[in-house]
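First chain written, first letter: the chains are A, B, C, D, E and F, and each begins at residue 1.
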């Protein structure tokens, strides 16, 4: 039942970078684009999603043997929806302001394709612990991408950084990184900015991977392919 | 997981129904428990949210009653731009009526309705105005929100504080550009015009109906 | 007069025709060597009927037409066959093609020519005669002409169009032909008329060739009432007015869609030179062994020559005196021709013009810019296509889409590339896309056949297995019976009984051995008919050929010829 | 209230569950049209280089999601791209190196007529009988190389298909923007 | 020698020549613009052109393309001029620069540069800017402004004062009608000749006529075809005319709408961008009629002072489908 | 009456689910590579979303609100929609193979389309009555299909464009989505006159 270190490493790497939901799988796009008007929004929603994913993966992996094939989708959804409702209720009670900002996107965690995708692709086939880890790591992947995108959009769009942090940690206040009279490039925090920003992030990842691959290639370049002029 | 024998359709139906039933019952029960557990928290948060909004327009020293308990439901009121029923909070100080907190809507904002909360003292002065919901253009018409207003010392919306129908004649309830007394930001006069008009109407309504509104049933 | 119609698109490049019309047609000198490609027309490749060392006479058939859509080829002069093999082809690829190479003996001795009175012959015989004489379309498409002389069964022939438009710049061979040999052209058209029986015959000539128009009009008039339905029609000069579909449109108003043959719309089109060769073939018994070729471009003396098929282009161009900076030969016109990669390539029936290429005359193409979708190309396209869309998808190698935009309606006339402000070699993109699609179709066909053959093999193997199992069972049963019989016999012959115990294991073993033997036999039996069951005629031919070769090499005597159903 | 919740949801669950279970049996479908589509994109070389015994099994494996789409060398990068298009997956580089198309040629002087190659050839492209010379029918050979290993005298070689005027292809225009400037 | 293929003859034509003609055709309009509104627009044209060329050069370099060849095609200059002509001439310099950068880098070069962008780059610049800075993008100088003061505003040396700016006639009319409620009357509003000139705004009508002149020359030069301008203007005239006949008090006349705002510029120079417009004859008509209609709807009922940019962009979205479904029949297939 | 029209215009254009509200992006990005599939997905979503919005309204009005079970909205809606989708799929698959060819493969994907849950929730938030909810659902899904199909058209075209290497594929598609969304901002204000 326990998982090996190598497995942990692989699952984590997949979730955080290699199979990153936002940049590679292009799943869970709606929250990714809709709530990343600030860094805090992005991070908070991803944390909520992380929680749901880890738990739903765990439960599904535990229960998978009792779920008949025909109704597996409804049951998976049921499990996830119940967890989402719990998160929804919890945030409503204890983080009301954030709840108001994230609004409809908390219930929509359930239709976040990523949640079901991970259940189907991973939890339905793996052990509970590994599944929970997978969910969590996919969530971590989401946290940093949403945080990054949110941060960038916030910075370009309104010139602040960590806006809305007072809603999560009372007493802290946002930082103004850019001069006070920065005009604020509004498109950045509007939907077009979300799309274009993510487009640039994806391109950025492509670039990093291409560079990594190039470095990889350069090392064992000499012997094997000597004859191949193709 | 999969039955060894080819199941019949009704048999299958019964089986899946039963299993789904079990799952649903289990999860609904769990949810109900969570709901019951979080309900007080949610209610408290909602109340706190309301109070925070009210406190922005209504100085704390104006009331000592539980505002959320002392309310009046009014039906849709065109004077306030409301096409739905709404709640009026009644502030009392030592049992005496001290102020009304009304919800009002300026229907002709640049990008649609501007919802606000207006507090009117018993003496007909405005205690405060806050915008609760609007769709004005960010960076242009949104200076009606103190948080977005570039003028941090004296946000645009605080101009209303202390004004009354007596102090400002009807012709003064306009933006300066139209000959009134209210400031505006160049290039975005639609929004303040709508706001001023709505606040003026609200004030008139509150003053006219003062006694009726304060009356405890 | 006749009401003319317009076709959309088209362009007006500088015609550059005057240079080569000042001198009359001359006969080109006999070259040192003639290489006659076998495949000079659309359709089947003619089979060579001569071997190295054979002596041939001028006009002697050297290649037998292969199938109905095919046309014979002939020796252009008398001499010796020195090679039957691969020789550089008049083809943009620069590859080689099967050819008959003849060393002229200088005597230029004709075979016995047999003029016929075609009017007394059956139309079928006339068509056969044209095929045997190697008459193919000299307008460029080299489609066997006899195949075009059959009217559609359901649609009556209305018009026969004789194409004297010659719309491409530089080329003047048809012009000169009409000026000098108008009567024979008209008589040749008469043959087509008699085969197709149209209501009228329209000879379309671009109005920049007044001399040709005059000569043809005079010829028609001179020939009298028999040619009463002939009419010479000047058509506006605009490239590609000579394209068959465009000329038909201009003269008759009919638009022949790509899905139809022109005969289905009651019209057929022949080039003037084709008509001329048809007349020579019928009335003089001369097969197609020469043609008029315009030598022009960067040369000292542009002129039209009567050239033997097979003359190497480089050698031919020499008589026109190419200037020093000549760096290539364009076969055909500048709009549709191609640069000949190897000057050894011979003149073929499709060679109407050779242009000496020089950088001054045809400046190197400016760099290709991206398409700005300006639509000029679409406006210029005579087939009303959307070249920029076809280009966009050809470039992206999205060939399915190119076909949606009717890639195969493109006649490669080059109008689009001519007008493109971005100087995109559009036509080359289209050629590229077309040949990719063809190659894919070939591959697809091969894959389908491979699949069905694979499935057939699997089926057969399965069947074999089943049969084997059955045989095995039978053999075992037989073995058991034998064993029982033996046991029974043991009573009679006790001495043997020791070696044949009625033991099951032993029986099974024997059965297995028997089965193995049986299997080997069956396999042997199968080895022959095995995969030679469903051969197409070509495969059969190939196999036959292999067998023949093998027999020749004396490798195996007395091979059973594979037994196959010679279907088809 | 909690009971109400349970009742409402349970009612829904029973109805939906029953409907789904019923439908899953009643509306069961057989066959998978996807396999056909995938198979039509495979080159039908039947060489097994993909690790499956022939193109169809590979197609089945792809449709089940068990196999990557980049395992078929004869299909080439082009084939991978088509599969990716069909399945909406990302095109990946081909696992193995792409080779030009080839055909097998039997050296007739060495062949001993053992028929082993005939048995190996998946598409019956080799003709001949026992103890006879064998030969490859060029147009039928898919170049799968399966006949090479069984030959005891190693008389089979692969030859690239020569370019002729008939199979020659126009090249992609070379007047590239980059070069020109 | 190169074994390039036929045709070996090419017509004298180049992208550069096409773009040069477009630039030339803009001159009458620009002249009128300078005449009425002062040379501030020339400053913006300069700024935009420099930015566009620099951005294009950098992007081409990064992408490994021949820089001079592509800069010489002048398409970036056309984009730059159109940006400058659609922006208010007194926007701060950084907005012109940012808008142009966005147009060239994101709307054009990310798609592979010339000829491959699905959206009109200049209009992308406009849309991005007006969405981000609605205030700056809807303040225009009145006719006969003070050039020195305008320069100072452009370069941020002086604050923008109310007197320097006003809404465009189109915007002003819309605001007036919106605020006036039931009492508003178009005729009454337009009577103020200092703002509205003869028909469509003092100065603006002449600038529009300048564009019309240049545009007609482009048609005559066969750089553009008649389809797009005609359908674009006809669509505006049709819907404006219908509403005007129905309620003359609430809706301005078609003539006003044809000469106000960016209608003429849009009809001849923007909607006609060959790269981003539909290409088939029928497609062009649909494309331009749609753009005209949307222009009217947005400028009259929508949230922005003029609708040309958004209308053109919205129709750009539809172009692939329009082109696909309006393929003209090929030769021989007419009427089948 | 005109108020219905404005709901429809608002849902289709002004507040387009995908481009303005940013819902349903995964299918928007995922099945827009080919026009053909975009049509299929659009049709399937329109069908499910319209009916789903209506069904959700009924469940909410007659089950959840009377019993004070509003907190079960999420779970009730999504399970209903999921089951509905699955049933539809199975029925279509059996009864109309043609329809299944066109819609079938998209149906299972719909459950994880945010819009399917988002639109009913938004309809409830806007306090629409039943007819309005249906209109809103239909409008939203038409808006979704419209955006998807137009996007697919553009994507097919930029397939052939010389896009910089790192932007090939998803990245440029996202940028395109952004520019489309920018263009759609031009509709702002058209739903309230």
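Just so we're on the same page, a contact is a pair of C-beta atoms (placed from the backbone, for glycine too) under 8 Å apart; a residue touches a chain by one contact, two chains touch by 3 or more.
Owing to the predicted nature of the structure, the values given are computational and were not obtained by experimental measurement.
S.K.: Measuring between Cα centroids, what's the chain most distant from subunit F?
M.R.: Farthest by centroid: C.
S.K.: Which pair wins on C-beta contacts, B-E or A-B?
M.R.: Between the chain pairs B-E and A-B, A-B carries more contacts.
S.K.: Most remote chain relative to subunit D, going by C-alpha centroids?
M.R.: B
S.K.: Using Cα averages as centroids, what's the distance between subunit D and subunit E in whole Å?
M.R.: Result: the chain centres lie 53 Å from each other.
S.K.: Find the geometric centre of each of subunit A and subunit F from their Cα atoms only, then give the gap between the two centres in Å, rounded to an integer.
M.R.: Here the centre of subunit F sits 22 Å away from the centre of subunit A.
S.K.: Roughly how far is subunit E from subunit F, centre to centre by C-alpha average, rounded to an integer in Å?
M.R.: 33
S.K.: So the centre of each chain is just the mean of its C-alpha atoms; given that, what is the distance between subunit A and subunit E in Å?
M.R.: 41
S.K.: Multi-chain contacts only, two chains or more: what residues does subunit F have there?
M.R.: Residues 30, 71-72, 75, 79, 83, 86, 156-157, 162, 164, 167, 172, 175, 179, 182, 185, 188-189 of subunit F each touch two or more of the other chains.
S.K.: Note the residues in subunit B that touch 2 or more other chains, in rising order.
M.R.: Those would be 12, 15-16, 19-20, 23-24, 27-28, 31, 35, 111, 139.
S.K.: For subunit A, write out the residues touching at least two other chains, lowest number first.
M.R.: 68, 70-71, 74, 78, 82, 85, 89, 183-184, 186-187, 190, 192, 196
S.K.: In their complex, what parts of subunit F are in touch with subunit E?
M.R.: Within the complex, subunit F touches subunit E at residues 35, 149-150, 153-154, 156-158, 161-164, 167, 172, 175-176, 179-180, 182-190, 193.
S.K.: Which positions of subunit A touch subunit B when the two form their complex?
M.R.: My answer: residues 65-71, 74-75, 78-79, 82, 85-86, 89-90, 92-94, 96-97, 99-100, 183-184, 186, 189.
S.K.: Considering the complex alone, what residue numbers of subunit C touch subunit F?
M.R.: Subunit C reaches subunit F through residues 370, 392-393, 395-396, 398, 401.
S.K.: Using the touch definition up top, name the residues of subunit B that touch subunit D in the complex.
M.R.: Its residues touching subunit D are 7-10, 12-21, 23-25, 28-29, 31-32, 36.
S.K.: Mind listing the subunit F positions that touch subunit A in their complex?
M.R.: Those residues of subunit F that touch subunit A are 19-26, 28-30, 71-75, 78-79, 82-83, 86, 108, 111-114, 116-118, 121-122, 125, 164-168, 170-175, 177-179, 181-182, 185.
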